[in-house]
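Look for subunit A in each of the two complexes below; its partner is subunit B in the first and subunit C in the second.
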Partner chain A sequence: MEAVHPAPLLEIEGLTVVFRRERERFFAVEGLDLAVGRGETVGLVGESGCGKTVTALAVMGLLPRPAAGIAAGRIRFDGIELADPRAGYPPGIRGRRAAMVFQEPLTSLNPVLAVGEQIAEVLRFHLGLPAGQARERARALLAEVRLSRPAERLGDYPHRLSGGERQRVMIAIALACSPDLLIADEPTTALDVTVQAQILGLLGELKRRRRLAVLYITHDLGLVSRIAERVAVMYAGQLVEAGPAAAVLKQPLHPYTRALLAALPGPHKRGRRLAAIPGAVPHPGARPEGCAFHPRCPLALASCRRERPPLACAPGGRAVRCPVTAGIPAPEGPRS
Partner chain B sequence: MTAFIARSLIEKLVTLFFVTVVSFLIVHLAPGEPAQVDPLNPKFTPEMVERFRQAFHLDRPLPVQYALFYRDLFTGRSVSWKDHRPVLEKIAERFRNSLPLFVVGTLLTWTLAFPVGIRAAVGRGGAFDRGTAFLAYLLISIPGFFFAYLLILAVVSAFSVPVLGMETFGFEGAPLLNRANDRIWHLLLPSVLGAGSGIAVLSRYVRSQMLEVAHQDFIRTARAKGLPEETVLYKHALRNALLPFITMFGLTLPGLVGGSVIIESIFSWPGLGRMAYEAILARDYPVILTLNFIAAVLVLLGTLLSDLLYAAADPRIRLA
Partner chain C sequence: MNPAPRCPTTACAPPGGPPPRRGPAGAWRALARNRMALGGLVFFAAFAAFAAFGLWATGGRAPLFDPARVRLEERLRPPLAPVSPAADPEGAPPFGRYLLGTDDLGRDLFARMLEGAWVSLTVGFIAVGISVAVGILAGGIAGCWGRRPVRRGTGLAAAALAAGAVLAAGGQAAAGLLLIAAGLLCGLRGRLGRLRPRPGPRREEGWLERPLLDVDALIMRLVDILLCFPTFFLILTVVALLPPSMVTIMVVIGLTSWEGTARLVRAELLSLREREFVDAARALGVGGVRLLVRHLLPNAMAPVLVTATLGIASAILTESALSFLGFGVPPPHATWGNLLADGRRYLFDAPWLTLVPGGAILVVVLAFNLFGEGLRDLLNPQARDRR
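Now for the complex of A and B:
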C-alpha cells in the first residue's frame, strides 16, 4: 500500500548549526528546512560559505567537534532522529544507509591503503562479509562505477589513479552498502569539464538504477537543472528559495536566485559582460540585521533592513524568503 | 630495487671518502699533537718526542699520513697511541659495553613515545595531554647531568643499590642470579635517563603528526564510512602519521657510537662514548679517526635503511 504523500526519507526541520571559535560564535546554518524524498534528487545551491557543506556534515554527524554543534532543529532519516544531542548519532546510518562523496577526490582517499581495501573494509564492517566476498564485491563496484580493468585496480594505490578515477572510487565506497541516501558535496568541482560530465552521467545512471535519493550540493545552478528534481537555494546560512528545479530556474522568485541566474554565462550572452552580484557574502559572524541579502538586493525595502522576512509559500509548491517577490513571478525566460 | 641499492651504495662510498678526508684534516688541524700532550714533563726529552713522531709517521707529509692511517685501519694494524693496543679490539670491547645501554634506551624510547604521543593527540587538550606536555617540556629543559644526579641520589637512598659503573665491584664470584640482578640495576638508571629526553621529544613529534593527519580529508572519508573510531585512528590515521618516523628510526643507528658521552661519564660506564671523549683529550688520533669512520658508516647505512623502509611503508615512494 502506498501513501499519497509518503514521509520523505530525509527531513530537516529548523536546523541551526553554531560554530564557536575563541569567544566568537556564529551560526553557519540558521533554521533550515529541507526534505529529500525516496529516490528524489534535490540540489542544494549557494555560494561558498553559505552553509551547504555544514548542512551535509550535520546530516552525516560529521560536524567538526568541539568547534561546531547543532544548536536547534531536527534531522530525521527514515523516522530516525539524527540530531538528538543526548542520544548521539545513531549507529547503522553513516556509511551504511547514508553515504557521502566529497569535493576533493585527490585527497579524500587514504594514500597508504590499496583501493580495494578502502572499499572492502566498509563491506566487512557494515555487512559482515568475509574478506574474499568483500573483495569480489569491491571489484563488482569498481566495474559498476565504470573503472577500467577493475580487478587490477583493486591492488592499486590512490596515487596511481587520476582525479576522475579517484572520484569513481569514492562513489564506489559510498555505494558499497547500497545506501538509501547519497550526499554529493560538489563531487565534480575539482575535475575538468569532460570528466565532470562523465561523473555526472554516472551519478544519474546509478541514481536511476538503484532508486537512490541524492542531495546534490553545488554552487553551479546550471548543473542543478541537469540532475535535480527540486532545488533549494541557500544564502548566508538560510534557505532563501525552494521548489521544483524547472520552475525555480525558469522563474526565480528570490532576488538572490535571480542574480545568480543572471550571472551564469550562456551562448545568448556572447559579447556582453557577465553580470556580477554587487557586494560580497557577509561573514557568518557579521551578518546584517533584517534580511541577510538586503545590502546587495536591488529590490530591498526599508523594512528589509529591520525585519527578517519569513519563508513564505508561493504557488506551485514553492517557497521564498522575500516579502517583495513572494508570489510575483519574474519575467519569463533567461534574463539578459 | 637492486639497481637503487647498488647506486646508492656507490654514492655513499664516495661520500664516505670525503668524510674520511675532512675528518682527518680536522683532527690534524686541531691544535696540539700526541707528542706534545705533556711537554713540561722533564722525563719527556726532545729525542723521545722525535722517536714518537717517527713511530707514528707524524714527520711525514699529511697525504702520506692519511694513506698510511687508512691502510693500517683496513689491515687491522692500527694501534692506539696511548696503550699500543689494536684500535679495533679496544672498540669491540667498549662496544659490547655500550650495546645494552643503546638497545634498552632505544627500546624504551620507541615503545613508550608512541603510545604517549598517540594518546595525547587523541585526547587533545585533556588531562593526559596537558600532563604529558608538562612532563615532556620538563624533561627537555632540565639538564641531563643535573637530573642524573637527582636520580642517583633518589635510587641509592630509596633502594640502597649501587648504581655507578656496569656492576658492583668484587661481584665477579657471586651466583649468576645475583650478578644478573646487579647488572640490571646498573643498566636501569642510565638507560631510563638516556630514554627520558628521547621519549619527551619523540612523543611530542608523534602527537603533532597524529593531529596533523587527523585533519586530512581521508580521515573525514573514513569517518563518513561509518567505521568505528578505533579503526579511523589506528588504521587510517596512524599509518600515515608513522611515515616520517621511519626516517628517524634509520638515523638512530649512529647513536651506537656517539650515543651518550654525558651519561656514560656520569655513571662511570665504560662505553664507546666515553672512550671517544678520552681519546680526544689524549689526542689519540687512531681511536678518534676509527670511531669517526665507524660513525660515518653507520650514518650512511642508516640513511640507506631509512630509504628502504620508507619505500616499503609508503606506496607512493618508488626506488629507481
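Now for the complex of A and C:
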C-alpha cells in the first residue's frame, strides 16, 4: 500500500555538505534529495562513511563547525528553511520540534545528572514547565518508553542503567516535547539483538501513537523492512535508490542495493557463504570519476567510468541512479 | 498535543530488596565509608566551629576571651597556668586559667588563637573563592569559545583602553580619556563591521579585521606568563606596595593562584566537548552558556573542587607565611602566622608560643588535604557506587 504525502514535513533538496581541511575540501553529501512525510518512517541506508549521519547532523544544524558546512541545497522543515547560512539555524526546532537519538546510548547521557533531571531539563527549557510538573511528565515519559519502575528510576544516574534502558531514556528525552520529527541514528547498533527488537517495537508503537515522522538511519537493510514505509539508499554521499520499502527490498534496482541485500544473513541462505561487496566505500576526497560505485559494481559498463549517472525515475514511485538497471526490473529477487 | 500518557506497567509489582541509594543520601553514606575524607570533614567542621566561636568570643566591648589585653606581670605563663590572684580580675579568661599560656606581653594565647582562626578561615575561603571563580571563567572561555579569533582591531582597542586607563589613573586625564575614546571607537567599528550583513560570498578582510591570535592562545599564554613569576615574591611585592589589610591579602592571594584552575577547567572542557552526551544535549537545543553551565562544568567540577580544597590549605599557609614575615594582617590583630613569628623569639623559654600555632596550621592544612582527596571520589557518581 502506498501512502500519499501531499506536504512533506521534512524536505531536503540538493543538499551538499562540504568538509574543509587545510587546503583540501571534499563533499560528504552531494545533491541529496529526500522527503519525510508527517507520520511517515523513512529508512536511510548505507555503509559507514556514506554520509547518512552527516545528513542527519545537517538537518539538526549540528555539523561540526568550522570544518563542515552546507555548500548548497535547502532543508525545509514544515516550511521553515533550516539550511540558510546567513539566517543561521532557526530557534525552537532543535529538541522541540525535531529530536535526535544517537547511536551510542552508553555515552549519550550526561554522567553527572540523574536521568529524571535530564528529561525534566528539556521540559523546563523548551516548554517552561515548573519543576514539579516536569518531574511528573518525566515519570510518565519513562513509563511510556516501558522502563520498569519509572518513578524510582528518575533519581538514578546513567551508569546504573543497562544499554537498552539508556536508549529508552534517550528516546524519552527526545520525545519529551512531542516533536514532529525524530531522527534515529543507528539507535540499536550498540545493543544486542533482543534489546534491539524491543527498541524497534517501541519506536514503531510510539510512531503510530504519536503520528511521529521518523528518519531512521541504519546500515541494516533487514531492519528497514520492519520499520520503514520508504527507504533511501545512499552510497558515497549520493542517493542511489529510493522508493517504497517493500518494493525496494523485493526488487532492488541499483546494483549497490542488490549487493547490500545479498550480504544480509537470512534463513534461506543457511549453509551458504554471505556475499561480501568487494572493496570499500571510497574516501570522500578520493571518489572515482563517473559512477561512484563502478569499481565495485558487477554490472559496470565502460560508460560508467566516465559519466556520472543521474537519478532516474522508475515505475512505482521509485528512483534509481543507474543507467544499466534503470528501466529494467531485476530479473529475480535478492540474488542469493 | 498528546494526552498525558498512561502508565502501562501498573501491573508489575516492584521487586523486593532495598531501594538503591541515590542523591545526597548516597553521597553521605559514601562519605561515611571514606575514613580519610570523613576525618578531614570532621576536622574542618571543628575548625569552622572554633573560628565562628572565636569571632563571637573575642569581639565586642567585653569579650569572653580578650586577645588584646596586656598583663605584663603575667608574661610567658605556660599552658593551663592559673591567673595569679594579684592580677587585675577584669577581663581575665574564664575558668581562671590561661588555657594555652600567655605570650611575652601577657596576652592570652588561647584568645589570640581564637581570633586568628577566623582570619585563617576567611582568608582561605575567600582567596580560593576568588581564584576558583577567575579560573573557571578564564578556563571556561578558553575551553568553550577558544577558537574565536581576536582580531587586530580588538587587540589594538584593548591596548589603547589599557594604556588610557593607566594614563588616566596616573593623572594625565586628558591623554588617558583620549586613548580610551580611541580604543572604544576602534572596538566598536570592528564589531559593527562584523554585524552588518555583507553581500557576496566572501569580502576582503580589512587590516583591522585580520585575526591576531585566538582567544584560547590569548588566555593560556597569559596563564603561562603569570605562572613564570615566583608567586610568593609577587604577592610580597604587591602586599608591600598596597596598604596592609585582610582584604588586600585575600584578593592578592586569589588573583595570583587561579592559573592552575584555569588550565584544569580548559583541559576538562576540551575533552568533554568531544563526548557524545554534549552532541546529544546540542541536539536537544541546549547551547551556549546553558550547555557550559549545566552539562560541561558539572562534569569538570570534580578536579576543580579537589584543587580548591587543597588551595584553601595553601592559602592559609601563604597567609601565615606573609604574617610571619610581617606583611600580613596588621599587628593588633592576631593571625596564626604572626603568632608563630612572635613566638619564635621565645622558642626555648616558651615553646608553646611556637608549637601551638604551628601545630594548628599543620592540622588544618592536613585536614583540608585529606578532605580534598576524599572529595574526588565522592563527586563521581560512578565511583561512589563502586565503593
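What we mean here is this: the second predicted complex is superposed on the first by the 330 of 336 C-alpha atoms of A that agree within 3 Å, B and C clash if a C-alpha of one lies under 4 Å from a C-alpha of the other, contacts with A are read in each partner's own complex, and residues count from 1 in each chain.
In this text, a residue touches a chain if its C-beta (ideal position, glycine included) is under 8 Å from a C-beta of that chain, and two chains touch if they have at least 3 such contacts.
No experiment lies behind these values; they were computed from the predicted model shown.
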Will subunit C clash with subunit B on subunit A after the two structures are superposed, or do they fit? clash
Between subunit B and subunit C, whom does A:V112 touch in the aligned arrangement: first, second, both, or neither? both
Subunit A residues touched - subunit C or subunit B, whichever exceeds: C
Looking at A:E152 after the superposition, I want to know if it touches subunit B, subunit C, both of them or none. Which is it: first, second, both, neither? second
Figure out whether A:I173 sits in contact with subunit B (first) or subunit C (second), or with both, or with neither. both
Under the stated touch criterion, which partner chain does A:A99 make contact with: subunit B (first), subunit C (second), both, or neither? both
Touching partner for A:M60 - first (subunit B), second (subunit C), both, neither: both
Subunit B versus subunit C as contact partner of A:E121, first or second or both or neither: both
Colliding stretch - subunit C into subunit B, listed as 55-63, 109-117, 199-207 or 343-351: 343-351
Enumerate the residues of subunit A that count as touching subunit B in its complex and touching subunit C in the other. 60, 62, 93-96, 99-100, 102, 104, 107-114, 121-122, 125-126, 157, 159, 170, 173
For the subunit A and subunit B complex, residues of the former touching the latter: 60, 62, 91-96, 99-100, 102, 104, 107-114, 121-122, 125-126, 157, 159, 170, 173
Name, in rising order, each residue of subunit B that touches subunit A in their complex. 216-218, 220-228, 231, 235-236, 239-240, 243, 313-316
In the complex, the residues of subunit C that touch subunit A are 1-2, 4-9, 12, 14-15, 19-20, 22-23, 147, 197, 275-277, 279-286, 290, 294-295, 298-299, 381-382, 385
Touching residues of subunit A toward subunit C in the complex: what are they? 60, 62, 66, 86, 93-96, 99-100, 102, 104, 107-114, 121-122, 125-126, 137, 140-141, 143-144, 146, 148-150, 152, 155-157, 159-160, 170, 173-174, 178, 210
